[in-house]
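The same chain A turns up in both complexes below, where it pairs with chain B and then with chain C.
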Partner chain A sequence: MAKTTDAFALNEWLVIGRLEDVTHDKPRITRLLGQDIRAERTADGTIGVWETDPSGHKGRALPVQERYGHVFVTLGETPRDLLEMPEFEEEGRRLVTIGYVRVKTSPLRVVENFLDLGHFPYVHTNYLGAEPQTEVANYKAEIREDVDEVWATDCSFFQQKAAKSATDGQQSEYEYRVTSPFITVLYKTCPIKPGAWDLVGLFVQPLDEDLCEAHSFVLPFDEENTDVELRHFQQTIFLQDRPILENQLPALLPLTPGMEMPARADATSMTYRRWLKKKNITFGVQKDAADNSNRAA
Partner chain B sequence: MIKLYDYPASGNCYKIRLFLNILGVAYETVPVDFYPGMEHRKADFKAINPLGQLPVLDDDGFVIRDAQAILAYLATKYDAAGTWFDRDDPVTLGKTMMWLAFADQITATSSAARLHDVLGFDLDVDAARKGAHAAFRILDDHLIEQEFAGECWLAGDRASIADIACFPYVALAPDGGVDLGNYHGIRRWLGRIKRMPDFVEMPGIFLEFDEPMAAE
Partner chain C sequence: MEQTSWIVAGLSAGLFEGSVMPVKTPGKDLAVWRQRSGQANAVEDRCPHRGMRFSMGFVRGDQLACRYHGWEFDGTGVCKNIPAHPNLQPPKTICAKTFACQEVNGFILVHVGDDSAAMPAEYSELESENLVPVRSVYLDASIETVRHWLMQTAFPPFAVGQDGPDTLVTYIYDNPGENLVRISAQTGAAKEELIFALQSLDDDRTGVHVQVSGMGSEEEMPAVQQHVSRWLADLRFRLESNDQNELNNLKISA
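Take a look at the complex of A and B:
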């Protein structure tokens, strides 16, 4: 597809890889919102990103931010601010980047799936949940107008192995924060440090409307596990989700109410969809919904 | 204790975990950062396996590489009944070796397509998918012939290490955009393996996505 015309998506800061994925030896050649791009490590050690034409020639240079272990780029002229995560400054935390998993579906579906507590016992059996403890307790989902973010709070769920450092099951408390259609952060009870939250972040790189790469990181208090063990735990979770996501139809996210049955556990998803609708986002959204409703009427 | 140099998302590592579980042999894993760290290509790991490939097994100081070789070693050492790797009957042995070797054909095609689709590896995915379909056609024909002969497994009427060797990258083929819908013999065989006692899952291989009951 060609570069999107979705003004909201164009003016987001979007992930294109980990800092280590762009080296002097190896550029990262990829795509963003339908636009081919190329990221290179320049002579001064910083990362440059350019739009490229079909034969790979560099065109316009794009604004770049190197933050949170990742490279962020925007295709727009007036980007919204990238999220702030003050936890990155806290002593004792460790950043572990996970890499990405490519998924053939709308990037919005990947974010929505990340917000869904209800699938834990079925898809992440013995990792993030297990039958018969499938109940999702009531929680609160809201759009916070002051910060223009979606939040879900008071989420609570029994988990066998809530994080790599958990040895027994525990009642995990969760908070979800959605700061962009393509970025969400999970705050989760830290199993070893009372009162603290561990962070699990998801940066979805939208390549095309129905193709994305889900980059992620963890920022826990954890002295017990190696980076590799933390990576493998998160990769396992993402690879369990991937076939489920690719089987969701339609691939593009429907934003017309009533197209998919909302369950109580889907309150965050519904709030996320409501927020997307308010933003008039069209990238990754099912297009013919309005036409269908006209035809039906 | 047995040490398995392991990557959770690798089908070749998984077949060793699956077989160790079936045999009831305790082991520990040494997690290797295959992705994104590419640790298997670095000097420390190449000192263990100069080919830079997973899995590698270390059984009390004896270090062995190659998934199929590891299956044969484990069956010989730990399967007291000798059913998983029957070396007494030349025909059964020949068939087992033939389908063990076939597992590499499946890895070279189906696993490559999956690495492209899941981790964005730069390779010719169309060629990989085409190769996977060619291999699956051969496998499917064989399994259907086996069923007609009253035998449900690759090398005879009992499951062998050849079945374990071929299973993962057949089951994971949809991850690489290789649809299994038309391979009815394969789908019944996948179901038989998933219903074995002591079967374990890996990410991407679920019990829930059950294949139709086999014509056993």
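Take a look at the complex of A and C:
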């Protein structure tokens, strides 16, 4: 597809990879919102990103930010600020970047799945949940107008193996924060440090409306496990989600009421959809009811 | 492309108790599943909650559960259980779109049209006493092509005529409905029959669901099924090879 005309999506800071994925030896050649791009490590050690034409020639240079272990770029002229995560400055935390999983679906479906508590016992069996403890207790979901973010608080779920560092089941407390249609962070009870939250972040790179790469990181208090162990745990979780995400029909996220029937447990998803609708985002959204084809793309 | 209001979705013997299978039709994707108590059902292949394919789900007792959140639906498509809210009676508004599903003489038939067409009579007219299911095969050819070649195949895989060239066999080709082909072989008083139910998946793909009758005793059936299966594999090779010589070999010689 060609570069999107969705003004909101164009003016977001979007992930295109980890810092270490762009080296002097190896550029990252990828796509963003339908636009082919190329990221290179320049002579001064910083990362440059350019739009490229179909034959791979560099065109317009794009604004770049190197933050949170990742590279962010924007295709727009007046981008909204990238989220702030003050926890990155906290003593004792460790950043482990996970890499990405390519998923053939709308980037919005991937974010919505990340916000979902009800699927834990069925998709992440014996990791993030298991029958018969399937109940999703009431929690609070809201759009915080002052910061223009979606938040879900007071979430809790009984988990068999909530994190790599967990040895027993625990009642995990969760908070979800959505700062962009493509970026969300989960704050979760730390299994080894009472009162502290571990962070799990999801940066979704929208390649096309129905194709994305889900980049993620963890920022826990954890001195026991190696980076590789933490990475394997998160990758296991993401790979359990992928077959689900690639079998939802339609692939694009429906925002028309009645096309999908939520329950109370879906309050975060409903709030996220309401927020997307308010922003008039069209990228990755099912276009109209007549389009409701019962076929995968 | 053909879209009839009733389609054949498979062989009854191919759908086990407690299992669910995806069924393609030119217009829509279905999930066909069998309750533990035996009843077969057809539902749109999409959970009304978050659009997940039901065909990747699982059967619990007499209910079909979605793989994503475990929501359970009965044979009429009504949601009976939302695990996230165990104490909640699911609202009646939450239901999956279902299609009439009937099993007739070993075939699973599904009414996919919006019309009120009655089930095609040719399926109930099959002699039911001694039908034996063989298998389903899926061919990269249109339903018209498959029907065409079945109706003029020169060497249908009957048991008679295998003993030598001197047996006098009369073949009868019948196409009693647009998706049913019956080929019988009459040898004196004995009659063998091959029954092919055709399922259009899309313009270029066709499912063929095969049963036989009168082709031997119960002990002989495994050999008969193998023989017919081998013939079907050969038919598939020839149809998919696009080789006119190969296709001509299927024809009845003039």
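In this text, the second predicted complex is superposed on the first by the 289 of 297 C-alpha atoms of A that agree within 3 Å, B and C clash if a C-alpha of one lies under 4 Å from a C-alpha of the other, contacts with A are read in each partner's own complex, and residues count from 1 in each chain.
Simple rule for what comes next: contacts are C-beta pairs under 8 Å (C-beta built on N, C-alpha and C of every residue); 3 or more make two chains touch, one makes a residue touch a chain.
Everything quoted here is computed from the prediction, not taken from an experiment.
Asks: Quick check on the chain A-based superposition: chain B and chain C, clash or fit?
Replies: By the criteria stated at the top, chain C and chain B fit after superposition, with no clash.
Asks: For A:K58 in the superposed arrangement: first (chain B), second (chain C), both or neither?
Replies: Neither partner.
Asks: Examine A:T97 and indicate which partner it touches, taking first as chain B and second as chain C; both and neither are also allowed.
Replies: The answer is first: A:T97 touches chain B but not chain C.
Asks: Contacts for A:R80 in the overlay, against chain B (first) and chain C (second): which applies, first, second, both or neither?
Replies: Once the two structures are laid over each other on A, A:R80 reaches no partner at all.
Asks: Examine A:P243 and indicate which partner it touches, taking first as chain B and second as chain C; both and neither are also allowed.
Replies: Both: A:P243 reaches chain B and chain C.
Asks: Examine A:K3 and indicate which partner it touches, taking first as chain B and second as chain C; both and neither are also allowed.
Replies: After superposing on A, A:K3 lies clear of both chain B and chain C.
Asks: Is A:P121 touching anything from chain B or chain C once the two structures are fitted on A? First, second, both or neither.
Replies: Touch status of A:P121: second partner only.
Asks: After lining up the shared chain so the two structures overlap, which partner does A:E135 touch, if you call chain B first and chain C second: first, second, both or neither?
Replies: The second partner, chain C, only.
Asks: Which angle, as a multiple of 10 degrees, do chain B and chain C span at the CA centre of chain A?
Replies: In the superposed model, the angle at chain A is 50 degrees.
Asks: What does the superposition give for the shortest Cα distance from chain B to chain C, in Å?
Replies: Checking C-alpha atoms only, chain B sits 5 Å from chain C at its nearest point.
Asks: For chain A, what residues appear in both contact lists, the one with chain B and the one with chain C?
Replies: Common to the two interfaces on chain A: residues 122, 243.
Asks: Can you list the chain C residues touching chain A in their complex?
Replies: It is residues 28-29, 44-46, 48-53, 56, 67-70, 82-86, 88, 93-94 of chain C that touch chain A.
Asks: Residues of chain A touching chain B in their complex?
Replies: Residue list for chain A touching chain B: 18, 20-21, 97-102, 104, 122, 213, 226-229, 231-232, 235-240, 242-243.
Asks: Quick one: in the complex, what on chain B touches chain A?
Replies: Within the complex, chain B touches chain A at residues 7-9, 31-33, 35-37, 39, 117-120, 174-175, 177, 203-204, 206, 208-209.
Asks: Going by the contact rule set out above, which residues of chain A touch chain C in the complex?
Replies: Within the complex, chain A contacts chain C at residues 116-119, 121-123, 131, 134-136, 243-244, 247-250, 254, 260-265, 294-295.
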